[in-house]
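After this come two complexes, each holding subunit A, first together with subunit B and then together with subunit C.
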Partner chain A sequence: MKKLLSILPLLAVVIGVHLLTSATDTMYYLTQMTMSAYYSLLIIGLCVLMGYAGQISLGHAGFFAIGGYLSAALTTRSLIPYQGTTLVSLLDSAGLLLSGHDLYGEALLVVTPWAACIIAVLTAACIAVVIGIPVLKLKGHYLAMATLGFGIIIYRLALAMEYFGEADGISEVPAFVLLPGVSVSGNFSDRVQNYYIAWVLLLIGMVLLLNLIDSRVGRALRGIHGSDEAADAMGVNTARFKLQTFVLSAVFAAIAGVFLTHYNGGIGPSEAGVMKSVRYVAIVAVGGMAHLWGALLMGIVLNFLSLRGIFGSYDDAVFGLILIVIMLFAPNGILSINVRHRLRQLLGRGKQDRAGEV
Partner chain B sequence: MAFLEIKQLHKRFGGLHAVKDVSFQVEPGQIKAVIGPNGAGKTTLFNMISGTFPATSGSVTFQGRELLGKKPFQVATLGMARTYQNIKMFSGMTALENVMVGRHVQSNAGFLASMFRMPRTWKEERDIRDKSMELLGLLEIEEHAHIDAASLAFGQQRAVELARALAMEPTLLLLDEPAAGLNIYETAEVGRLITKIRDLGITVLLVEHDMSLVMDISDEIVVLCFGEKIAEDVPTAIQQDPEVIKIYLGEE
Partner chain C sequence: MTTELFIQYLLAGITYGSIYAIVAIGFNIIYNTTGIINFAQGEFVMFGGMIAISLLQFMPLPLAILLAVVLTMLIGALIEICFIRWLKSPSVLRMIIITIGISILSREVAVHVWGESIRSLPYFVGNEITSIPILGARISPQVLWVVAVSGLMVVCLGVFFKTTSVGREMRACASNRKAATLCGINAENMVTLSFVLSAGIGALAGCVMSPITYSQYDMGTGLAIKGFTVAILGGLGSSGGAVAAGLLLGIIEAFSVSVVPLAFQDAISISILLIILFVRPQGLFGSKEAAGLKEF
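And then the complex of A and B:
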């Protein structure tokens, strides 16, 4: 209940932003706010993995891409050539297929967005299990390298496979009708609706993760982070908890991928790129690693600025720089910097009192 | 059948025999100490019992169950808790939260139940908190409950570590040098706490350097030297044992 209450001010801000943009005739900001919310969904999931369970992943853009690409491919690639195979007839009889026409009037038979979403997210979860069992035995740099390798594989697969559109990616992804009248799409007329869909999804994700870290499971995860060995001796099945957290964060990434792909109407290989994974890690670090609110705030702010093109063609360089600066000057995240204490230091009145601490 | 029975336990690291065919038993309700000079194999022995690493040969049975081959978290669920020589606090968590992790084996909310705050987790959470607070009280550190455990004084961290182990409701508690790094007052304090724990009906097996503590509180003592058991007796007899005196004080 307390978690729900802590979300309320944020909900007010979300509504406030909508009203403000509407009053100042700057509703186009809502588009980037929507996209930032989806990226932040991935980032808060990664924050639990990195900051609370203490396991790094430099491959989360891979899970985002698995979600996005699979739902894009399943809802656009026609199954007509495979009609008559058992799988297609099974899907058809289960009511999971849609027929229609493409841009050129040719007949199409595709998977419904709901079914595609579920398949995409479950696939990401399964891949996370398969990858996670061996790589989570690694620690530190080795885990970083292994997950980086996974990210590179997904990126190259997206680039290499015709089914996934190679360098062009997949476009013409249809709207994802969540409920009658509520759909995830880039249609101009659905902009406000989509802004709220993205933010409600993010807020739900946030409440679930806040609940998680303040629970038996969350304490066990933070214990693993504090001392793997002691947590083990307390009866925590550390391998299983790390794996479950890895899968959970992969599911958050995949859901973000599915929704953003329907919102954008397509997905390209850059979404699977290694620089994207580095960016997500940088944002979690800026937010303070073990700080869900920090990750959420930085996820929104930095993605919004990036999407608005503030960093121009130096976009990736900026995130690299942010990572270096944060590691050097604020390893506990930007919110941990105590301005008063820092000012005192700068003014040469470095009085050592405990009031300077957080 | 003994409560804890260690039979012909052996550990070889390459050419080094760290523990050589050690056997002894621990009876329920005892405080049993393992002593010996540095490198005698005491911590190695502990690590084999708690499953931290495998033994080369031998067996360890706890309440009739073989422990060798089990992982530490499995040993923990059987009712064995342990502490470490260099206290392993969960940093970034309060003293209370540290103890609450100890309730892990006594509770069972999983990922989904925790994320969705299922009603069945409500009572469990409350019990975890109440029981943990009660244990901090038992170890007389409840006023530090909401302080980051890693920032507490060393002696207080020992107490939090003990509370954390007790939260598991173990039947056997393994203490690895509980007086390490403590001054004489704190050592006496820890000794008093260990006796208090035994009086709760928990069997205690401890490894210790500090002679005064061991002689004060132990019911029985095993002496290890270069991996071998050279004596096992009550404290007064160990104090008189010429072999033990030779090891500790050197030959005449």
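And then the complex of A and C:
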């Protein structure tokens, strides 16, 4: 309950931003705010994995892409050629298929977005389990390289497979009707609605993770971060907790991928690129690793600026520079500097007193 | 498969393999003195090729290559002095992220200086269509250059580490930094030197391979992944292992072209990396006990 209350100010900010943009006639900012919210959903998931469990992942764009690509492919690629097969007829009898017509009036038989979303997220979770079991036994450089390798494989597959549109990606992805009248789509008229869908999803994710890190699991994760062996000796099942967190963060990434793909109406191979994964790690690092609120704030701010095109052609360079500067000068994140600085100012007198005692 | 085709694939494998081996040795040199995997290793290769191509407008080829190698060494030294030297026992996670940042920054510098176009040095001898017959297969003389220069580099490095006093001091730092410092070796300078050396061999490899594989601003990541695969395969820190593993990976890759589509070629070497990491993280030739003692 306390966690629920702690996000109320954020909810107020979300509504405030909406009112402010509608009052100042700058509603177009809401589009980037919506996209930033989806990216931030991935980032808070990664934050728990990196900051709390202490496991780096340079492959999270891969999970994002698995979610986005699968959902896009299932809802756009027609199943008519396979209509006779048992799998398709099984899906059809379960009411999971949707028939319609494409742009050129040809008959189309596709999976419903809800079913596609569930399939995509489950697939991402399964892949996370299969990859996670061996990968999470590794540490440090090995873990970084293995997850990087996983990300590159996903990128290469997206680029090489015709089913996933090769270099063009998948476009014309239909709207995702969550409930009658509520749908995730890039339609101009749905902008405000989508803004709230994205943010409510992000807030739900945030509450879940805040609860998680304050629970037994959270304490176990911090124990693992501190020392794998010590946590093990204290009776923490380190392998299981690491895997659970890895899968959880992969699910967050996949959900973000599914929703953003429906919102954008398409997905391209650049979403699976190495640079995207590095960018997510950079944002978590700037936010302060074990700092969910910092990750959320930086996720929104940096993604928003990047999507607005503030950094121009130096977009990647900015993120590279941020990574280096933060890791060199403030390994605990940008928020830690301010807090420490302010504390020092506030406690300035107290410190002098203590100095006098010594 | 005919004998000629077999030899053709084999030679292609050896060419790429020797480049991977050089990148892997670059990883090893820095890893041995610092315990850091330098994710920006591939960017040294890129810088070498790109700088040499730019310098070629003003000077003859050998001079351009020499200057490119020296300039890349300076870049290596600069990176170490600016980003690594003054950090006091940083965590592995921090070092990984910093070297990734360096790699991205180097790539962005390259794309803004040289653009996205694919460039290449001219062939050292002859041109694209010059070829030498070997056992029925026909190969470009540049292939011989790549193999010879790589081989020479491995031998020279071996001699350097075995016989010269600086080489011995670097090895001393690698095996026990504290003890080396107590013996009066300046360990910090040895770390800088290891960056300079590994930048230098990377740059030279970048120049020699440029006529065959071309140079582009973003070639570094792919090379770094393959170099790392080779370094792990051969046992992290071992130069002999790197050479053997490099040739092995190059040959596997070359022959895989005849089985799987080209688009999946990268996926193959990465799969090998993943399998090796899962099954034998100490490498094909390394011992499990030694790997257990190392810090990752």
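Throughout what follows, the second predicted complex is superposed on the first by the 337 of 358 C-alpha atoms of A that agree within 3 Å, B and C clash if a C-alpha of one lies under 4 Å from a C-alpha of the other, contacts with A are read in each partner's own complex, and residues count from 1 in each chain.
Just so we're on the same page, a contact is a pair of C-beta atoms (placed from the backbone, for glycine too) under 8 Å apart; a residue touches a chain by one contact, two chains touch by 3 or more.
Since we're looking at a predicted model, the values are computed, not measured.
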Subject >> Side-by-side fit of subunit B and subunit C on subunit A, or clash >> reply: fit
**OP:** Classify the contacts of A:208 with the two partner chains as first (subunit B alone), second (subunit C alone), both, or neither.
**Re:** first
Original post:
Is A:234 touching the first partner subunit B, the second partner subunit C, both, or neither of them?
Top reply: first
Original post:
subunit B or subunit C: which reaches more residues on subunit A?
Top reply: C
**OP:** Considering only the touch criterion stated at the top, classify A:27 as touching first (subunit B), second (subunit C), both, or neither.
**Re:** neither
**OP:** Using the superposition on chain A described above, determine whether A:98 touches subunit B (first), subunit C (second), both, or neither.
**Re:** neither
Original post:
Taking the superposition as given, does A:324 touch the first partner, subunit B, the second, subunit C, both, or neither?
Top reply: second
**OP:** Would you check which partner chain A:178 touches, where first means subunit B only, second means subunit C only, and both and neither mean what they say?
**Re:** neither
Original post:
Of the two partner chains, subunit B (first) and subunit C (second), which one does A:248 touch, if any: first, second, both, or neither?
Top reply: first
Original post:
When the shared chain A is used to line up the two structures, what angle, as a multiple of 10 degrees, is there at the CA centre of subunit A toward subunit B and subunit C?
Top reply: 80
Subject >> Shortest span in Å between Cα atoms of subunit B and of subunit C, once chain A is used as the common reference >> reply: 9
Original post:
Taking the contacts subunit A makes with subunit B in one complex and with subunit C in the other, which residues are shared?
Top reply: none
Original post:
Can you list the residues on subunit C that touch subunit A in the complex?
Top reply: 37, 39, 83, 87, 90-94, 96-98, 100-105, 107-109, 112, 221, 225, 228, 232, 261, 263-264, 266-267, 270-271, 273-274, 277-278, 281, 295-296
Subject >> subunit A - residues contacting subunit C, complex >> reply: 54, 56, 58, 134-135, 137-142, 144-146, 148-150, 152-153, 156-157, 159-160, 274-275, 278, 281-282, 285, 313-314, 316-317, 319-324, 327-328, 331
Subject >> Partner subunit B, residues of subunit A touching it in the complex >> reply: 3, 208-209, 211-212, 215-220, 222-223, 225-227, 229-238, 244, 248, 290
Original post:
Which bits of subunit B are touching subunit A when the two form their complex?
Top reply: 50, 52, 71-73, 76-77, 81-82, 84, 88-93, 97-98, 100-105, 107-111, 114-117, 121, 124-125, 128, 164, 168
